[in-house]
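Here's the structure we're looking at; comments come further down.
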């Protein structure tokens, strides 16, 4: 963190001192010759809003898969609250308090919305193997699912089959599925992809509210820079599998390297700068 | 919830099944009346058309239990197993061998069948973490093939009867399928409905829902925190035990056990039954079993030896033209209809849904 | 050289499990040498390879089909069996085979005109109800018409229900050097012509009904396609009539041939029938189901059941034999052959080697053919454009299509080729293993096991898997005879016959547990 | 005049109000794209907006449920993919789709539509991508990401294609490689019409003459790239780049 801009001191304090929840140490993943994630070391501090940005193919999703356990790293470690979970199976991580969403909508398409969320609640309960009791008996799961659906604004569609929902609502439902078991840390992989522009602030606002109110840690991969800049406490920029820079939003925005990586070669960068310049000239 | 209300709910939800059970219970007497035999004659197991159709229906009931257990594995949990016949055959052979060669009492035999069913399911589950999809199908096919070979082997022929099969299994007289067929009929009927009821409950329980979730999207279920492996074991165990008990009933009814029930063909029969009825629907498995057995019976009766050719033709036609099966096709319309109406009601009257009225967890589409 | 060596080491490192398993098998093979005499060992290896060759022929076709179009063709075993029976018919009863050609060609002519029917039907507007019902009505009518016409067409055949006229008797007669030509039922020219016309109409009707299934899908007719289809159908129909006219001279000609030549013709006929059946099956039954794998399974299973029934109806239930061709049947002076000269001079059925006898057909010829096919298909895959398309298509069908290549035609070709390989296996296995209605199922199981071991879509995997299965089986059989001396056991252990198929299955289970994608399978 | 009859000879490709579903999901819900001859048209939009599906729909890989695709004035939306491609459309998918087990030479040969295509086009291809000549005997899976991308584009050049559909050519590549690719695409656009899907707006804005913005499966804006570059509000709103 070379340059830290002006940030509220309380937040700075939290960023520097709050314990590390999730940590990646020298994480590497190779697919054949391709090194998708290359020696990534990352610390996610508790109750912060941590965004990961970078161009397509920078390895953000692979990193997510390593953190959530969908993929096993070629080398390196993943620690959760100091505990090594590099080789812990996916479902164990969920029980530890790790929830994740996917870039592509990943749901139970032929179940109802309520059932999708209810399954997410039930997962961490202790009634999974009660095969002799009717589902209806476990009203607390359904209650919690309804509560979550209310929170994400889907309570009026709870009985529709998930696949019949429009894309934006499916994303909301997914968010509900992650929120439902009240995990300690939420890994959100482009939760706004496929949503209409008007809906994005709403969803992001929702995530932010939840993060603040229930003191959760959020790790977000996102392309919409407006969103990233406004909500993040910390931003990590990835490029070609490695961490290019890390810091507070202001610092990242001012980082030349980051701009280069995001905009490609300087030729194109210059052109855009020029365009921006013209625009601001006209605006003023 | 008030008690009266609750029993009314049960009646509403299971009314169809109860009605069907009553109709089936009365059916032998109806057959008797059509033939001119009095209900008393039917009661006393006198020979006649009624007794004959009782036998046919007993076979249907046994097949229905077998089919529903396969539906749990393939249709509900989404495991493509090609060794399901082994579940059934193990129960059938074990019953025959224990009754005939070891002279065990019936209750002990059935207990052993249940135990063997659990072990059998565990055997199938051992490979689950390693192999998926078509490879799982091949491995299970392999297990069943080995069982089929071993059971027909010369070394075991003293017990299992080699490639002729097990003959003359001694059946307790109170259950004799020839002298006490009506009693047998009722036992099979009650067994079928007990299994059906259990399966409905199972699918509607937390465990069952997770099984459905595994079929829909196993990766997602795992990320949500379900150790999917154990749920698959549970589903396989339930299916294995029920199929094994169906096998036991088969032996008790037939008194002979032919090795064909251990072959791939018998697994395929289960697949056909649930495909005819509608995969993943439970009810469809029962319907499919009935269609399968009855079509087979009537074709054999009216067309003689070329019946299997015609059956093959009928299956190909079903595949091409009724892809979702009978219940599947019906339910496809029904769920949409229901969803539409629920939304309309909510819109007009502000009615909120109650948890019981959740749309059924089963799909309208085969998991392919 | 050094770089090469490094490359090898890398390959070994990357495929450690594969190498370990293959090394283990080789070691076991060598170890087996200690348990039996050298002659026994050689003959067992040869037998294993021969079984492997037959299994390979079935497995290779199955794997090509599965790899390219994701269709698990469970009728493959039944088609293998068809190869045997067709081969047997052409070989033992060429007169019947020639009689049957005419109706088949006429039937094919109707299907050859399929594009014409499609174009014709496209001009007719049909309500959805008619569109659904008409194919069935058409097929039923076609079937009835065919049954009516075909039974009136003169065919000299056997009768499986009468022992004296059953296939078994004809095979025995041929083996002992007699040729019994059954008399065709006497039919006047008018009836024959009428029945031929009826068959032609039935074929056309059936093809039109099938064409109706795809009715309503927009499809631009290609120029030239119509004319080609018309010419093809006409050629088929005319050659059908020609065969009818030349029936007697043809029959005489073929009976005068040496059995070796006849066997060659039988092989060609079996392969051709497989090719034709495969193509037909893909076009009519498999094509509508590419997106519904479970239903493909059910369909191919249904087909397998039907084929078996047809076979039982035509050839009867009992196992029938197929005499060996003259080239491999010599038993007289100079046999068993002691050296190569003897073998060539007397065309011996066996060779003397290390105190045992090796059967030339069963243990040499089949292996040689298997090797030739292995190399031929490998060359086809590696050196031709269609092979390139197949290899590319196995990886990414959609991209091949997006390059402007008509993948459907390639699909049809590969399906036909795969079934052709199976029928080749069938006709080759006939003289060695005998022919029965359950041979298809058991061979399909072996082929599936071989593929699971080798990797479902890998061509070398199919070969290695098949050989492993064959060797394992034969060694277990052999040890069942001579017994195996295990440590800590006083008596030699004799594995019992049921262990033979069971061992292959166990091998499969073990391999799949170690390598879920098989030895050469690619991780998906 | 209904939009369905609106055909201009200036447009090589016209996608008219196309709706596409994949399985049960409606992906495209009204996409209209006009591609003028002899220039690059960029499809822009956020992840999941339907850009890739639009290309696939043009290729017939995900046939449209509704709407029309006209190529050179002829409807192609009801045709098979291979027929569509054979009329002169080259496709470079976002996952590159190099045939792993085929050599570079074979990867190019397979794209021949008539014998001798490669011989005629070889010079052009190797001039654009000199690397490929050196790698000609390597197998697809031995190439790096950039080399694979070059091969994927080269493969689309072997046959005589009037139109190239290129999906995310810069994805996951080092800037220096991206630059090479861009140069090649600029050269190509002199003779061939190109539809480009590009996430990197800076890259797209430099290459393309026309743009179409997709959002939630609908085409929402189109026009000249020179205008878009100045329209910061639109860029911000639909593309979300800085």
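Order of writing sets the labels: A, B, C and D. Residues in every chain begin at 1.
By definition in this document, contacts are C-beta pairs under 8 Å (C-beta built on N, C-alpha and C of every residue); 3 or more make two chains touch, one makes a residue touch a chain.
Computed from a predicted model, the values in this text were never measured in an experiment.
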| item | value |
| --- | --- |
| Result of counting contacting C-beta pairs for C-D and B-C, higher pair | B-C |
| Inter-chain centre distance, chain B versus chain C - centres from mean C-alpha coordinates, in Å | 36 |
| Centre distance in Å when chain A and chain B are each reduced to the mean of their C-alpha atoms | 45 |
| Chain centre separation in whole Å, for chain D relative to chain B (CA means) | 52 |
| Set of chain B residues in contact with two or more other chains | none |
| Residues of chain D engaged with two or more neighbouring chains | none |
| Chain A, residues touching no fewer than two other chains | 109, 164 |
| Category of the chain touch graph - line, ring, star, complete, other | ring |
| Chain-to-chain touches, reported pairwise for every pair that qualifies | A-B, A-D, B-C, C-D |
| Residue numbers on chain A that touch chain B, as the complex places them | 68, 70, 89-91, 94-95, 100, 106-112, 114-115, 118-120, 122-125, 127-136, 138-139, 142, 156, 158-161, 164, 177, 181 |
| Chain D residues within the chain C interface of the complex | 59, 61, 78-83, 85-86, 91, 93, 97, 99-102, 106, 109-111, 113, 155, 159 |
| Complex interface listing, chain C residues touching chain B | 72, 132, 136, 213, 285, 288-289, 291-295, 297-299, 301-303, 305-306, 308-310, 313, 441, 445, 448-449, 452, 456, 496-498, 501-502, 505-506, 508-509, 512-513, 516-517 |
| Chain C-touching residues of chain B, taken from the complex the two chains share | 80, 127, 130-132, 134-135, 138-139, 141-143, 145-146, 149-150, 152-155, 264, 268, 271-272, 275, 279, 305-306, 308-309, 311-313, 315-317, 319-321, 323, 366-368 |
| Complex interface listing, chain B residues touching chain A | 201-202, 204-210, 212-213, 216-217, 219-228, 230-231, 234, 238, 335, 339, 342-343, 346, 353, 355-359, 361, 363-365 |
